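Each of the next two complexes has chain A plus one other chain: chain B in the first, chain C in the second.
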Partner chain A sequence: MTISAEIQAKAAEWLTSGDVACVVGYERGTHGRTRPAFIYQGEDVARLIFDKTCTHNLTTYLPQLFNDGSLMKATHKLAPDASIAIITKPCDIRAINVLIGENQVSRERLKVIGVVCEGILDGAGKRAFVECEPIYTYQRRCRSCSERVPLVYDFLIGESVSPELVQEEENLRGIQDLTTSERAKYWLAQFDRCIRCYACRQVCPLCNCPACLYERDDSLWVGMGFGVDEKRTFHLGRAFHLAGRCVGCDECERVCPMGLPISLLNRRLAQEIETMFGYRPGIKPAFSPLTSILQQEQGIP
Partner chain B sequence: MVEPMIVAFLCTWCSYTGADIAGISRLKYPANLRAIRVPCSGRVSPELIMRTFDQGADGVLVLGCHIGECHYDTGNHRTAKRIPVLQTLLSFVGLERERLRLDWVSASEGERFARIVNEFTEVVRELGPCHWRRFDQTRSMAVDNTLAFGAKR
Partner chain C sequence: MTMITRSALFRWLDEMAEELPLIAPSYVEGILLYRQVSKSSEVAMARERPVLSPKEVFFPSTEVLFTINKNGDKLRLNETLPVKEQVVFGVKACDARGLSSLDAMFIDTAPADPYYAAQRKLTTVIGMKCKEMGETCFCTELGLSPDDPSGVDISLAEFEEGFDVQVMTQKGLDLLNRYLQDGADFYIDRSPLSGCTDATQPTRVVLPEAKTFPLLFEDAMWDEVAERCLSCRICAYACPTCRCFDIRDEELPASAGERRFERIRCWDSCTRNAYRRTAGGHDPRAGKGERLRNRIYCKYYYFPRRYGQLSCTGCGRCIDLCPVNIDITEILRRIVEVRQFP
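Showing the complex of A and B:
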C-alpha cells in the first residue's frame, strides 16, 4: 500500500467511526502543486495524498482549530470536545510538542498520523514536479535533518530511513566571519526588502498570539512603519520571541515573497539556546527555558 | 570627539537607589548616563532595548537587583536569561555585544554603581559611535546582493 492509500484508509476509518471530526492533510492543488486540505466526511478522503512535495507545516492550523474554530465553515463547526486528526512529518511533530507544552493544543483531542520522511523537495509548494524533470534536490532543512521518524504519533506510516546527513552551516558561519559593520550592512540590505506582509508570522505554528505586538498602532516602542529600523525590530523581535521555541521548519523563509533569509536568525538563536541551556525545542512538551527561572548551575553575569 | 550617549535602565528597588547612594556619597561617574527608572529589570523587554538603539543610544546598560533579591522574586531571573540571548542576536545582525550590558547593583552599592558606569562608558567610548542608527537614516538602501555569501536567492 502506498503512503497516500494508508493515510486515506486511516482517515476514513477515524472519520466514519466518529473518532475525529476533521482530518487536516494535503491534497493536490492547481498546477500539480500540493496544498493543505481539511476533510470532514469519510467519502472525501480520496483527496488526501502524501509525497515529497508536501512541504507545508499543517500544525499552524491547530491553535486556530482548537481555540476559536475560526478556520471552520459554518457547516463544519466542531463540537467543543471534538477531536482532530493531522498528518505530519517528523519536523512538524516537534511543533506539536511545543504547542502541547504551551497548552495551545490538547493531546487528548489530537490524533497524529506520523509519516516517516525522506525529505521534501526544494521548491515544493511553489511549482509542480513532473517526472521528466532531471534531478531534484532536497530542501536545506531536510539535508541536515537527523530525525526521520516522528517522535509522537498515534499511527505511524512508513519505515525508518537513514539518509546521508550533510552538516550545512556555511551560510551561518559566512555571516559570523564578517566584521560587525559588514554584518550590519548585509542585514540592513535584507531587512530593507521586507514589505511587512506578515506571511512569515502567519505561517509560523508558534506565532499564535491573538494580537501581534508588531501590528498594533497603539504600542509605544515598536512601530508598524516602513522604516528599515522598524522592519528590523519586527524581524529581530520575532526571532527573539521564537528563541527556544522555533523547531526549524523554515516555513517563514519559504513563504517570504521577498526572499529574506529569516531562518538564519532562527538558526543562530537555536544554536545559542542549545549551547546556553542544552535545550532543543520540541523533543518533549515543555516551555522554552528562556521563560523559566534560573537553575543553580547556570552562570550569572 | 562626540561623547557617547548611554541609556541605563535602573530597577527602582535596587539600582535606582544605588545610583542615589552614589550621588549622596559624592562619587564621580560620567555624565553620559541617562537613567530610566523601571519597576524591575524584568520589565526591560528586547523591544525597548532595540528602540533605544534605534533612537541613537551608543550603549544600553541594564541594572537590576542581585539574583535572589528581586522585589518580585524572579523578575531578574528572566532578565539574566534574556539579555545574553539578545546580545547574541544583536551581534549576529551587526551590533557589538559590548554595547549592551547587564549587571546587578543593590541599593547600598553606590560605589559599585559608579564603577560599573565608569567601566561601561570607557568600553563604549573605545567602540566609537554606534552605526546602528546611522545606517537607518539612509532609509531606502539599494539592494546589495553582493554580500549574499552563497545564500540562496
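Showing the complex of A and C:
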C-alpha cells in the first residue's frame, strides 16, 4: 500500500467512526502544486496525498482550531470538544510538542498520523513535479535533518529510511566569518527587500500571538512604514521570540516572496541555545528554558 | 515597422540612467524586481514577470503625504508631492492594464489623488511585449493580450535583430526624440513580425455574471475556500491593482521645544486579520472567508461597478506566490459552479 493509500484508509476509519471530526492533510491543488487540505467526510479522503512535495507545516493551523476555534467551526460547526487528526512529518511533530508545552494544543483532542520522511523537494508547493523529471534536490533543512522517524504519533506510516541521503553539517560559517559591519550590511540589504507581507509570521506555527507586537495600531515599538528600521526590528525581534521555540521547519523562508534568508537567524539562535542550554525545541512537549529559566536557574551553565 | 538595434537600445538606457531615475526589472539576489538601475547592464531582459508589479513606483509601499512641525502654538504643514521626472522600463501588458485600473480610481474619479497623479505625470512608461505566456498567466482570459501596446508611452517588442518601437503617446515621442537620432538608431526591418506565441495552455477563467455576486455573499463556499488561507498579504502586495492603504501620523526626532511628525500612507490588505476592525473593536470581516470574499468581490464586482473595469489583469502573481495555493481562477470557477448547481 502506498503512503497516500495508508493515510486515506486511516483517515476514512477515524472520520467514519467519529474519532475525529476533521483530518488536516495534503492534496494536489491547481497547476500541480501541493497544498493543505481539510477533510471532514469519509468519502472525501481520496483527495489526501503524501509525497516529497508535502512541504507545508500543517501544525500552523492547530492553534486556530484549539485556541479561538475560528477555523473550521465556521463552516462545519464542529463541536467545541471535537478531535482532529493531522498528517505530520518528523519536523512538524516537533512543533506540536512545543505547542503542547505552551498550552496551545490539546493532546487529548489531537490524533497524529506521523509519516517517516525521506526529505521534501526544493520548490515543493511552488510548482508541479513530474515523474520523468531527472534529478531533484532536497530542501536544505532536509539535507541536514537527523530525524527521519516522528518522535510522537498515534499512527505511524512508513518504516525504513532511505540510507543514501547524505546529512549535511549545519554550516553558517559564511555569515559568521564576516566582520560585524559586513554582517550588518548583509542583513540590512536583506531586510530592505522585505515588503511586510507577514507571510513568514502567518505561516509559522509558533508565531501565534493574537496581536503581534510589531503591528500595534499605536506604533508603540515599530512604525507602520516599510522602512529598513521597521523591518529590521520586526525580523530580529521575531527571531528572538522564536529562540528556543523554533523547530526549524523553514516555512518562513519558503514562503517569503522576496527571498529573505530568514531561517539563517533562527538556525544561528538554535545553535546558541543548544550550546548554552543543551536544549533542542520540540523533542519533548515542554516549555522552552528561555521562557522558564527564572524558575530553574540551576540550568544556567 | 520601426526597429531600434540592440546596441542603440542599451546606449539609450545608459544615457537615460545618467540623467534621470531609470526604473527597470533587475535581479536582486535572484529575485526579479523593479529597481532603479545605473546602467543598461543591470536591466534584466527577462521573460519572467517581476515578483512585484510596477505599482510600487506610483503607489509606493510607504509614502510621506506631509510633515507637521509643532512649535508652541504654531503648526506648520509641508506637503511632500513627488517632483522627480523618471522612466519605467520593461512594463508588460498586464501591468500596464494595472496602471489603468489604478488611474481609474486615483485620477479619473474626483477628487484625484495628488500624489499618485503627480507621479504618473512625471513618469514615462516604456512597455515590453510578452513573447509567451507564463504557467499561471490568464490575461487573455480577461480580454487582454500579452502583446497589447496600450497603456504605455512607448511599446517595445524584442526580436533577434533588435526591438520594434511603437510610440503610443506624445510623452513617449518626446522621450524618444530627446535621446535617439532618426536614421542612425533606427532601421526599417523587412522580416515579418512573428507575434506572440502562446507556449502554455492558458488558465481557463469563466467570469461570473455581475448578478451572481450578491446571491453568493452569504454562501458557505467562502469559509471553505479560505480554510487554508494564512491571512498574509502576499496576494495584495504583489497585485498590480490592489491599492488599499492605511494612514497614520508618526513622530520624528526633533530639536528641543519642537515636535515633528509625518503623515504616512502605507500599503494595506483586505486579507489580513483585523483589516476592517473599527474603533470599539467591531470587525465586520472577522473571518478569513469574509476577507477572501472581499478580495474576489473587489476585483470582479465592486471595482467594475464603480470604475467600469476589472481590478484584475490576469498577471497570475497571486497564484504563483500564494504559500498555500489559493488560486483566484479556481475560486472564479467555483463561483460559477455553485451558481449552476447550488
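We take it that the second predicted complex is superposed on the first by the 278 of 301 C-alpha atoms of A that agree within 3 Å, B and C clash if a C-alpha of one lies under 4 Å from a C-alpha of the other, contacts with A are read in each partner's own complex, and residues count from 1 in each chain.
The rule is simple: contacts are C-beta pairs under 8 Å (C-beta built on N, C-alpha and C of every residue); 3 or more make two chains touch, one makes a residue touch a chain.
This one's a predicted model, so the numbers in the text were calculated from it and none came from an experiment.
Peer 1: Looking at A:291, would you say it contacts chain B, chain C, both, or neither? Reply first, second, both or neither.
Peer 2: Touch status of A:291: first partner only.
Peer 1: By the touch definition at the top of the document, which applies to A:259: first (chain B), second (chain C), both, or neither?
Peer 2: After superposing on A, A:259 lies in contact with both chain B and chain C.
Peer 1: State whether A:18 touches chain B only (first), chain C only (second), both chains, or neither.
Peer 2: Neither partner.
Peer 1: In the superposed arrangement, does A:188 touch chain B (first), chain C (second), both or neither?
Peer 2: Once the two structures are laid over each other on A, A:188 reaches chain B alone.
Peer 1: Does chain B (first) or chain C (second) touch A:175, or do both, or does neither?
Peer 2: The answer is first: A:175 touches chain B but not chain C.
Peer 1: Does chain B (first) or chain C (second) touch A:29, or do both, or does neither?
Peer 2: So A:29 only meets chain C here.
Peer 1: Between chain B (first) and chain C (second), which, if any, makes contact with A:227: first, second, both or neither?
Peer 2: In the superposed model, A:227 contacts both chain B and chain C.
Peer 1: Do chain B and chain C touch any of the same residues on chain A, and if so, which?
Peer 2: 193, 227, 259
Peer 1: Using the touch definition from the top, list the residues of chain A that touch chain C in their complex.
Peer 2: 29-31, 33-38, 56, 60-61, 70-72, 74-75, 125-127, 190, 193, 195-199, 201-203, 219, 223-227, 251, 254-255, 257-259
Peer 1: Which residues of chain A touch chain B in the complex?
Peer 2: Touch residues, chain A against chain B: 140, 170-171, 174-176, 180-189, 192-193, 213, 221-222, 227-229, 232-233, 236-237, 239-240, 243, 259, 261, 264-265, 268-269, 272-273, 276, 289-294, 300-301.
Peer 1: What does chain B use to touch chain A in their complex?
Peer 2: Going by the criterion above, the answer is residues 46-48, 50-51, 54, 67, 74, 77-78, 80-86, 88-96, 102-104, 131-133, 135-136, 139-145, 147-153.
Peer 1: Taking the touch rule as given, give the residues of chain C at its contact with chain A in the complex, in rising order.
Peer 2: Its residues touching chain A are 28-31, 33, 51-52, 61-62, 135-136, 220, 223-224, 227-228, 230-234, 237-238, 246, 248, 250, 264, 266-267, 269, 272, 286-289, 319-321, 323-325, 327, 329-330.
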